[in-house]
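Written below as structure tokens is the structure these notes are about.
By letter and in written order, the chains are A, B, C, D, E and F; residue numbering begins at 1 in each of them.
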Amino acid sequence: MDSDIVMVDDNGKRLDGRKADELRPMKIEAGVLPNADGSAYLEIGKNKVLAAVYGPRECHPRHLQNPAKAIVQCKYNMQSYSVGDRKRPGPDRRSQEISKITAEALEAVIQVELFPRASIDVYIEILQANAGTRCAGLTAASVAVADAGIPMRDMVPSVAVGKANGHLLLDLNKEEDNYGEADLPLAIIPKTNEVVLLQMDGHLTREEFDTAMKMGVTACHEIYEMQKDALRRRYSVAADEEQEVEE
Amino acid sequence: MDSDIVMVDDNGKRLDGRKADELRPMKIEAGVLPNADGSAYLEIGKNKVLAAVYGPRECHPRHLQNPAKAIVQCKYNMQSYSVGDRKRPGPDRRSQEISKITAEALEAVIQVELFPRASIDVYIEILQANAGTRCAGLTAASVAVADAGIPMRDMVPSVAVGKANGHLLLDLNKEEDNYGEADLPLAIIPKTNEVVLLQMDGHLTREEFDTAMKMGVTACHEIYEMQKDALRRRYSVAADEEQEVEE
Amino acid sequence: MDSDIVMVDDNGKRLDGRKADELRPMKIEAGVLPNADGSAYLEIGKNKVLAAVYGPRECHPRHLQNPAKAIVQCKYNMQSYSVGDRKRPGPDRRSQEISKITAEALEAVIQVELFPRASIDVYIEILQANAGTRCAGLTAASVAVADAGIPMRDMVPSVAVGKANGHLLLDLNKEEDNYGEADLPLAIIPKTNEVVLLQMDGHLTREEFDTAMKMGVTACHEIYEMQKDALRRRYSVAADEEQEVEE
Amino acid sequence: MSKSVVSEIRRNHINELLRKGSRMDERAPLDLREISVETGVIDTAEGSARVHYGQTEVIAGLKMAIGTPFPDTPNKGVLTTSMELIPMAHPDFESGPPGMDAIELARVVDRGIRESGMVDVESLCITPGEAVWMCFIDIYAINYDGNLFDAAALAVVAALKNAMVPASNYDKGEDFPLPVTCVPITMTAAKIENTLIVDPTFDEEMVCSARLTVTTDGNGDIRAMQKGKSGAFTVEEISDIVDLAREKGEEIRKIIG
Amino acid sequence: MSKSVVSEIRRNHINELLRKGSRMDERAPLDLREISVETGVIDTAEGSARVHYGQTEVIAGLKMAIGTPFPDTPNKGVLTTSMELIPMAHPDFESGPPGMDAIELARVVDRGIRESGMVDVESLCITPGEAVWMCFIDIYAINYDGNLFDAAALAVVAALKNAMVPASNYDKGEDFPLPVTCVPITMTAAKIENTLIVDPTFDEEMVCSARLTVTTDGNGDIRAMQKGKSGAFTVEEISDIVDLAREKGEEIRKIIG
Amino acid sequence: MSKSVVSEIRRNHINELLRKGSRMDERAPLDLREISVETGVIDTAEGSARVHYGQTEVIAGLKMAIGTPFPDTPNKGVLTTSMELIPMAHPDFESGPPGMDAIELARVVDRGIRESGMVDVESLCITPGEAVWMCFIDIYAINYDGNLFDAAALAVVAALKNAMVPASNYDKGEDFPLPVTCVPITMTAAKIENTLIVDPTFDEEMVCSARLTVTTDGNGDIRAMQKGKSGAFTVEEISDIVDLAREKGEEIRKIIG
């Protein structure tokens, strides 16, 4: 680790000009894929992510069916060309772990009890990766589930807080991540501030952890507004189209 | 590519003495395997091919069943020792593609509508390979299906036309194939001259393509005669055996 | 092979001090795993082996069900750290063969006809290997099946007889095995002296084979006593526990 | 691609429209859908393109690395083409390694590129027998509404045309454009009853009896063909499709410049 | 881990007990089960340990070999952690390659070791860029009654603390103890209704809505965390669990010396 | 090999015949079927043979290449044996990687070859520790009517006896015959009720309770054995089978010269 790299300059600016608690530029568009029941496209910094939802639909394989509720299945996938060195197609251990915790976080808000025996299938494709893809994927997937019209208690915004050269920094980009000393991805239910996804690796003192959690929760609320905005735009477009048809 | 190799000499003879539109020596024998419902052994040049058919039989896995007709499944397999460098057992991408187009070509003539929900399973094993195995396999499989007594509209003879050092040549052998500039495998329904298998790779002008198609169709009719002859011999043997039993 | 190594010294002692027909020190404990229906832990020399039995239970996959009897399925597995060079997890060809013959040997004594359609699943884990693990695994599995209360005609003790530098030696350890010229693992039904597992590789004359068989059968009876003893201890402990509960 | 069944009603509707020379999306039988091509859509790729044929969407990306050549072609770079039919793109697609359809798609696209000599693989040799550029072409179906053959092939061609060899990452001098020699274009026709159509939608693919894919180069010469499905073509139909492929090839070649 | 269903009766029983501050095995909510640690149980391993958390039993073994380092860390030894949920350990476990549960377990255990810097990987470099020690940590669940995270992590820590690098087998001098710098301890809490418990049994895992695993080092700093299951924690609950993890970490650190 | 069930009628018929000392194909219990051996049937193989035992047909082929020896046997060539039970050969055989039956067959055949020292692997060393001849023996079941053990083993022995090492392809001098030292022959007996038979057909294999395969060398010494199925043999029965194996070994050794 090269500690000469200055992560935050004298003016409190990071390598890309952001403040410590500032998100990268972000945009979300809902309803981008015709075949899926719901979908979303998200860019945050140099990450490009697609999420699609199919369901509730019949659950395959059948032995996974739950007579009391729908199951939520997720596949998080980094496309081969999304990273520096080409990634071989197919799931690796990292992507399987991310798929699991993403499905669990979504299940926390989806009203699965309304769809016994069904499956809700969430697909997250990372087209271009630049640190923070698991959070970007969950944020997008949450919009895609809403776009599919599946009843949810709330959405799930997600972001990571990092530590680099001793600084707690929100939403590390890849350059910063290369000097990262800790990473704390989390996702919340904004209405209650409850945490549905939480991971950590690295080194945080008790105090740093508390600060990082606060930064993360605050930023999740910012992201939540963008999620809602994307859905509002989507509904207004859908309403316009409907109106056109009626005219 | 070494263009000094003379593919066709001044007398119009190829490296192995054939004319441009001449097939390699070919023999077909039907009914060679006791267990299979139908089978055939074929040699063309230095290719040695076995084909076996099981079915119509119950379709596994069940989700592949078609309530309106039998499905035709094919496995084309090059045995490990059939080529110069040992081939690892198991399907590769090439063999899977060949299996798919072979099944499609056979389905074109099999009366699949007579056997709803059933499977007709065709196995092609390349014992020894010397260019042109996919066509040899389909030609043999066609005889094996007939040997199994499965109703067919016609048989499917198959051959490839190649281009080497600028010459259009029927049924390239391996030596010629090493200098090949184009390869056009095809299979027809002789009664109608319709094409049920067609692939091409390489470089053909519009005119060359038309000529190659003509050469291929003509040769398929030659092969068709050998297919019918193999079945005639098979039936007469079977009839003799039956007579012996009755005596 | 370095024939200077003296396998049996002038006093008839082997490298580890044993006589030619002497087993390595052995101990068996039944009922060591709470979750399994039956289990056993076995040490023989430096081998450490666990066996667990689940069943009779519903047979998966269903197409393996036998309407007339239970099927016996076995997985023999060497754990990664059980050998000199780390073994990659997952079954290899050797372990699959051992699993097969172990299941067959156990099926010979289990009253499978009492449990139609069921499966009896036997798991053998080699924690530490030092030659002779297949026999140790079968010996332990036999005790685990009995511990599960599954009706058996008899138990199946198993041991290997080896040949090293011309000597027939019972129960080779790894050091001897490195100079082994033949290996003859076997398992018997002690009540009838019938053989239910038998393999051989190496080089044995007709006479050596007969001698080796006799050594093996005799040693199996010794092992049988230890198997019964382990079960007796298990039952008395179980009875004590029951009594305590009642008191 | 194999699980869906088109209802009889839809099948009849498609057939009836075609008998009148029309299609469900109001195209004439020999019209392509609207095609869009965006290049450079993936920063992490050496070249990339997103292509739409109507609602069918694919992305192709090229990654390059230095590797050892095959022993029998010591002075040539290596091309590899993979196609992923990810379950995002269609309810029939399932997770897992490429199935027969994906393999056929990848191989047919690969043949078009390879046999046309589009990429000058000899100029991708660094040290004969030791070091060459490896080109990994990965194609993802994003939304599938028929005719993946043509959309995938076009995405790959567009990605390659705009690719830069990342030489500087490997201390091999400055980055330079991937050397391409020509622009092969792939066109697929399908036969429904006795009518030929081009650029079939998903529903049309389900209904058609046979399919023929033809790749032509800038001279109108044929570089690759693949017939699919269990129906048959007459020799005349094949000839017509070849002419169509040459014609549409010219059209599309103008789109991507 | 996913096939079993706990009966409603058992679920209600667990809930009722907890409302009274008790558990089926008579522990208080924040009590650990009896923990036992035996090291050196596998002669063929470079280091090994068998750990019980009540009836949960795991064995971890370390094997080492010389290999080439990763290009981006030329002067560091390599750690790899695998977890096998063998069917011996529980009726729900099936043969086959590691599933999602086993992968998550291995990765969380791995993070605790790796992120705490427990193993001094730089001192496992033999020749930079060429030869380093590879550490293969294999964990087997032997009997599963809940809380594999903590049992597996403790078994690995104990195995590593007592491991010898087999240098003499490779003509690299005398064997020496594996260099370890600290003792990270992992603790898992679960939430049942609104009660937090630690060290859940199998039945409690089935009933709980959420799980949080926290690894702390000897300074009480946090090195790894993993939340699991589809329930939610309040920020306060998470804070309480972090405190518990620091406290239990101290307790357990004494057990393994 | 496991899906078929023999009808009770056929089972009874086999049993009744055997009680009278006869079999469905009119053989005596200890008679082999007609055996045929053709060598050199595959031009592309370094050695090959097609063997029939009655209607059971197998083909074995040997391919050779230069590779690196195993570290613990630096001066020995490498032998590998694979068996493929292709679905062509029997309605019960399925596509896919070798199952337990195929693995057992390959390993038992391999042991017969390896343990008899038939191939002089030391003379297949080119440069110790660096380059040796690798021998890939591939066996395909073509038509399965019982006793694949013996047919496969004989096909391999015949293929090896007639093989040429392709030295000239690798600039290693002239081709030379594969050095073989002896001719191990494999014989399988089966037990039906209390009768021993040799060379069982498919139906007999389905009905028999136990199977014993014995490989002997030219001196009548035993080189490999494998007992199969869940029945038991008495020690006397085993002794009788060993004698039979020595006797039939001599018979068959004459066939292949």
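Note that in this section contacts are C-beta pairs under 8 Å (C-beta built on N, C-alpha and C of every residue); 3 or more make two chains touch, one makes a residue touch a chain.
This is a predicted model, so every value here is computed, not measured.
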Intersection of the contact lists for chain A and chain E: none
Path length in steps (a step moves to a chain that is touched) from chain B to chain F: 1
Listed pair (B-D, B-F or A-D) duplicating the A-E contact set, over half by residue number: B-D
Farthest chain (mean CA position) relative to chain B: E
Longest centre-to-centre distance from chain A, chain (CA-based): F
Inter-chain centre distance, chain A versus chain F - centres from mean C-alpha coordinates, in Å: 58
Euclidean distance of C-alpha centroids - chain A vs chain C, Å: 52
Inter-centroid spacing, chain F versus chain C (mean Cα positions, whole Å): 27
Multi-chain contact residues (two or more partners), chain D: none
Going from chain C towards chain E, every chain in order around the ring: C, E, A, D, B, F
Complex contact set, residues of chain C against chain F: 72, 93-94, 96-97, 99-101, 104-105, 107-108, 184, 189, 192-206, 209-210, 213, 217
Interfacial residue positions of chain D with respect to chain B in the complex: 100, 103-104, 106-107, 111, 114-116, 212, 217, 220-235, 238-239, 242, 246
Chain E to chain C touching residues, read off their complex: 41-45, 48, 55, 57, 59, 61-63, 65, 82, 84, 86-91, 95, 97-98, 136, 138, 140, 142-145
Residues of chain A that touch chain D when the two form their complex: 33-36, 46, 48, 50, 52, 54, 57, 75, 77, 79-86, 89-91, 121, 123, 125, 127-129
